[in-house]
Amino acid sequence: MTIKPLADRVLIKMTEPEETTSNGIILPGAAKEKPQVAEVLAVGPGGVVDGNEVEMILKVGDKVIASKYAGTEVKVDGEECVLVRQSDVLAVVE
Amino acid sequence: MTIKPLADRVLIKMTEPEETTSNGIILPGAAKEKPQVAEVLAVGPGGVVDGNEVEMILKVGDKVIASKYAGTEVKVDGEECVLVRQSDVLAVVE
Amino acid sequence: MTIKPLADRVLIKMTEPEETTSNGIILPGAAKEKPQVAEVLAVGPGGVVDGNEVEMILKVGDKVIASKYAGTEVKVDGEECVLVRQSDVLAVVE
Amino acid sequence: MTIKPLADRVLIKMTEPEETTSNGIILPGAAKEKPQVAEVLAVGPGGVVDGNEVEMILKVGDKVIASKYAGTEVKVDGEECVLVRQSDVLAVVE
Amino acid sequence: MTIKPLADRVLIKMTEPEETTSNGIILPGAAKEKPQVAEVLAVGPGGVVDGNEVEMILKVGDKVIASKYAGTEVKVDGEECVLVRQSDVLAVVE
Amino acid sequence: MTIKPLADRVLIKMTEPEETTSNGIILPGAAKEKPQVAEVLAVGPGGVVDGNEVEMILKVGDKVIASKYAGTEVKVDGEECVLVRQSDVLAVVE
Amino acid sequence: MTIKPLADRVLIKMTEPEETTSNGIILPGAAKEKPQVAEVLAVGPGGVVDGNEVEMILKVGDKVIASKYAGTEVKVDGEECVLVRQSDVLAVVE
């Protein structure tokens, strides 16, 4: 059973935030709007969204930062996932 | 008696959320914005919506995830259904 | 005395919601946003609305579902009617 | 002393709502958003409004239904009048 | 010292509302949104505003009705004036 | 150390409001939305803003009226300054 | 591990606000909307955002003023950073 995002949406899976490694990304756990590092599990086809052509640049396997408030939560195989618009993905982490 | 959605709307019927199967989709029952797996019962013709041409990609029988807050509830033959814009359907489940 | 809706508006007359017939449409009476089956009494000419060309597809006599919160109530010959934009009509019932 | 509405505005004068005639229009006096039958006293020239060309279709003498919440009240010769955009006029009454 | 409005703005000076003359304009003094008869003191050059070309049709000396809530108050030579967009001027009074 | 505004922004420095000179501009000190006479210290390059081409017409040294609620305050050399969009500058004072 | 901003976003790192140097920029510490001098660490590729082509003009190493309320906080190597749209960067400081 797989989830195929529509339009400009991607399915992302939260990853455990690294907290105090001196060389890693540390996310503020108590921040009101919690950004999160997530992995892209599925990518929609893009196309015309609100009259604008959207090209998908995210790929399955990308590590990304998205705002937790964007998107809609679903659980897939017991894992917390989010369906989010590509425009609400802020950055790719490498 | 049948319901024919207008413009970019689809009629969807809620399905019982699977809750703890290890391989299925588990929806958070207590979440404030409850996404739901639903079946598409009828699809509008698409066309120009707010000045943008909308092509319908959903088909009758598709299993979809939509946000419960989008759309308008109706009951058809005793079943809880929702009329929702295609753009508020987040993903197709296969 | 007749009412001629302007632009993309239609005049609709509420019909009594069928409540428990096993094969009919049952509308949730206590729902916060009450959708209603209504009959179209008059149809505006369409034309350019907010810069977009709107073609009227509803016809007098159509049975439709519209959200009660959309539109403006008027009483015509003692009957509760609503002037509503065609884009706020969700579906046609046949 | 005359009032010349600008752009897509019309000047309308409230008329006494007919209340119980069996064949007339009865407006709900206690409704939160009170629609009103009004007479058009003056019509603006139309033209480009928010980037869209607006053609005036209302004429002086038209009886119209407009939402009371739209527009701005002025008193002309002791009569309560309203300056309202043509797009906030819902219907013509004949 | 003179004020030159920018873009589609005009500088207007409130005039004393006439209150009970049988043939004049009477403004409701206690109305929540107080419209006012004002005189145009200065007119901006117009031009492109929010991507739309705006042509100024108001002239210095015009008597106009504008909503008091629109615009920004300034005092010029002790007189209460308002800088307001032309699109917030509702009508010209002659 | 200098501040170079981006896009359609200008840097303005508040000037002391003249209060009772009979021939000057008197700003209402207790008004909720305080307009202010300010001097333009720096002007951004203009260009495309939200899809619209913006041409800068303000020049360094211009005296302007802007709404205090628009823009973002910074202090430059101990002086209270504001970075504000040109479209939030209401008028030039000469 | 590096952060690559998407679309029109830049990654900026807050710098300590200079507080009382007579020739520097002094930011109001108690202001409700705290502007901040920050250094640009990474710049997105630009491209089409909401249907408008955005060209990135900021460069890595630029000192900028951005509103603290814009953007999303992340911590990189223990430093407080923000992912912010270029259009929410108000000025470059030199």
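All chains are identified by letter, namely A, B, C, D, E, F and G, in their written order; residue positions are counted from 1 within each chain.
Please note the rule applied: a residue touches a chain if its C-beta (ideal position, glycine included) is under 8 Å from a C-beta of that chain, and two chains touch if they have at least 3 such contacts.
It should be emphasised that the depicted structure is a prediction, and the values quoted were computed from it without experimental measurement.
Fitting chain A to chain E on C-alpha positions gives a rotation angle of 155 degrees, to the nearest 5. The distance from the centre of chain C to the centre of chain F, with each centre set as the mean of the Cα atoms, comes to 50 Å.
We define each chain's centre as the mean of its Cα atoms; on that basis chain E and chain G are separated by 40 Å. Among the residues of chain D, those touching two or more other chains are numbered 50-51. Chains in contact form a single ring whose order, set by starting at chain D and proceeding to chain E, is D, E, F, G, A, B, C.
Remark: chain B residues 22-28, 31, 33, 35, 50-53, 57, 65, 67, 86-87, 89-94 touch chain A in the complex.
Partner chain E is touched in their complex by these residues of chain D: 1-7, 9, 11, 42, 44, 48-51, 72-78, 83.
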